[in-house]
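Labels for the chains are A, B, C and D, by order of writing; each one numbers its residues from 1.
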Amino acid sequence: MLTNRQSIRIEWGDCDPAGIVYFPRYFEFFDACTRALFERAGLFKRDMLKTYEIAGIPVVDMKASFMIPSRFGDDVAVDSSVTKWGTSSFVVRYRLMKGNVIAIECFETRVWAAHRNGKPEKLEPRSIPAEIKAKFGAGASNKNEN
Amino acid sequence: MLTNRQSIRIEWGDCDPAGIVYFPRYFEFFDACTRALFERAGLFKRDMLKTYEIAGIPVVDMKASFMIPSRFGDDVAVDSSVTKWGTSSFVVRYRLMKGNVIAIECFETRVWAAHRNGKPEKLEPRSIPAEIKAKFGAGASNKNEN
Amino acid sequence: MLTNRQSIRIEWGDCDPAGIVYFPRYFEFFDACTRALFERAGLFKRDMLKTYEIAGIPVVDMKASFMIPSRFGDDVAVDSSVTKWGTSSFVVRYRLMKGNVIAIECFETRVWAAHRNGKPEKLEPRSIPAEIKAKFGAGASNKNEN
Amino acid sequence: MLTNRQSIRIEWGDCDPAGIVYFPRYFEFFDACTRALFERAGLFKRDMLKTYEIAGIPVVDMKASFMIPSRFGDDVAVDSSVTKWGTSSFVVRYRLMKGNVIAIECFETRVWAAHRNGKPEKLEPRSIPAEIKAKFGAGASNKNEN
């Protein structure tokens, strides 16, 4: 299973008056981590959208547990990997690490989505090409397929 | 059960290159909705933090389902309510409505948290005062208490 | 001169560890204020972009002075108006008011911009239609025209 | 003059429906660049605030020119340096480079600020210690001093 580790410095502007990361920021971090994970798989997002004629890979479902807060000046790392491939969706798991401890765990279900009839306001799922999955090491016999 | 409805205009800056709301923004909206919900209960956040000597009400657990995207120029409404009170935590449910349709449903578990020994880097849970719960209509016989 | 006043509640998530608004947020506020100003002039941004075939009204030049900080829980108001119309650009002035005091003054030069040859990565200025200027009360004899 | 170059990948979430960076984001980038510049001078922000008992280095004045837009997937670099030291303020210049071309130039005046009487809502300027300036190579004969 392809995993990518991304180092992140927590910035002043990421934090709230309590001095810790304002939690919506974590999802911005994670989104950038998905981008980096795909890049590690050889898929540069801008080209991927063009080549496969999709509008994006929006999140349709998510859950997250925040165990340990981080504050500005902290150096953390996020391990990202696709834990499940479906026909038109996939699950990405993120683990934000502070040293060897999991500070946050998050799962996002994302959809391979295109504009319906080219309309910007309508998104619809499309089948994820086998070659995309293959780049992440997901084979034809993938038991998780659904 | 006290519910607050907040109207939100989706702004240009809330949206991504696909023309729809960049999803971490929703959690910023929801956070503002919790603030507004507390205000409806007579609790102005800035004063509340001071009076009860807490650092905030950080999210420790969450899940969300995104059914329908929104794009810039859309007018949406978010219904927020506390669906469960615990000893030191509570659950807030958000429903982002587009007309009569639920576009997003989200549940956040938040903790009544103070700085441990005044240290900004350590947060610890505190018991939620009964008077806080009472303002939301949560009585002494609340079956959800745990 | 058409002026629009927008009320803004400073949210927890707008603020930094010093407890005051993280300043890039002000420019998000101001951008929403320009949207609201245009709407007051009868121009709904989403329709305007479509009707006039432009990609947006990006900022090319700006200056700002921050006199008084704001912190979470504050209620402020922003007065916005177009102070100058050029051939393909215009200047918007923002004054963020705390009561009767100007807390921030900002000037942005924005361009009426379209995608060059439909390419998303290239933006080029276009002439602002006279009817747009007219909606803001800018007449044919506008001395500021350049 | 100490200069720091910071590489930045433009992320999907940094961009707006026109496909280019939503401009308030640039100021978040620049703020992180100031942090990195100070770190290069041996000043880790979190420790610096504690050691010198200041609340932050807020921006009081700024101007920026946006010559070339950037879009998601772009790799840019920001060169930052302090171009002027005053008694309690200093000017930081940022140049966002796309290859060898200046895409954005920005100047921020920042203040060495502490909470007045420990009140979170009041910030007041303090004299910048000579040892801080010295770390950036600003000597006693600095002609820019005012």
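FYI, a residue touches a chain if its C-beta (ideal position, glycine included) is under 8 Å from a C-beta of that chain, and two chains touch if they have at least 3 such contacts.
Bear in mind the structure is a predicted one, so any value in this text is a computation, not a measurement.
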Would you mind working out whether chain C and chain D touch using mostly the same residue numbers, over half shared, or mostly different ones?
-> same
What chain is the most remote from chain B, judged by the mean position of CA atoms in each chain?
-> D
Compute the rotation angle for the C-alpha superposition of chain A onto chain B, expressed as a multiple of 5 degrees.
-> 180
Of A-C and B-C, whichever chain pair has more C-beta contact pairs = B-C
Round to the nearest whole Å and give the separation of the Cα centres of chain C and chain D.
-> 24
Gap in Å, rounded to a whole number, between the CA centres of chain C and chain A = 33
What whole-number Å value describes the gap between the mean CA coordinates of chain B and chain C?
-> 30
On chain A, where are the residues touching two or more other chains?
-> 12-13, 16-17, 19, 22, 24, 28, 31, 56, 71-72
Over in the complex, which chain C residues touch chain A? Could you list them?
-> 12-13, 15-17, 19, 22, 24, 71-72
Within the complex, which stretch of chain A touches chain B?
-> 16-20, 22-25, 27-28, 31, 55-56, 58-67, 69, 71, 120-121, 123
Which residues of chain A touch chain D in their complex?
-> 9, 11-13, 28, 31-32, 35, 44-46, 56, 71-73
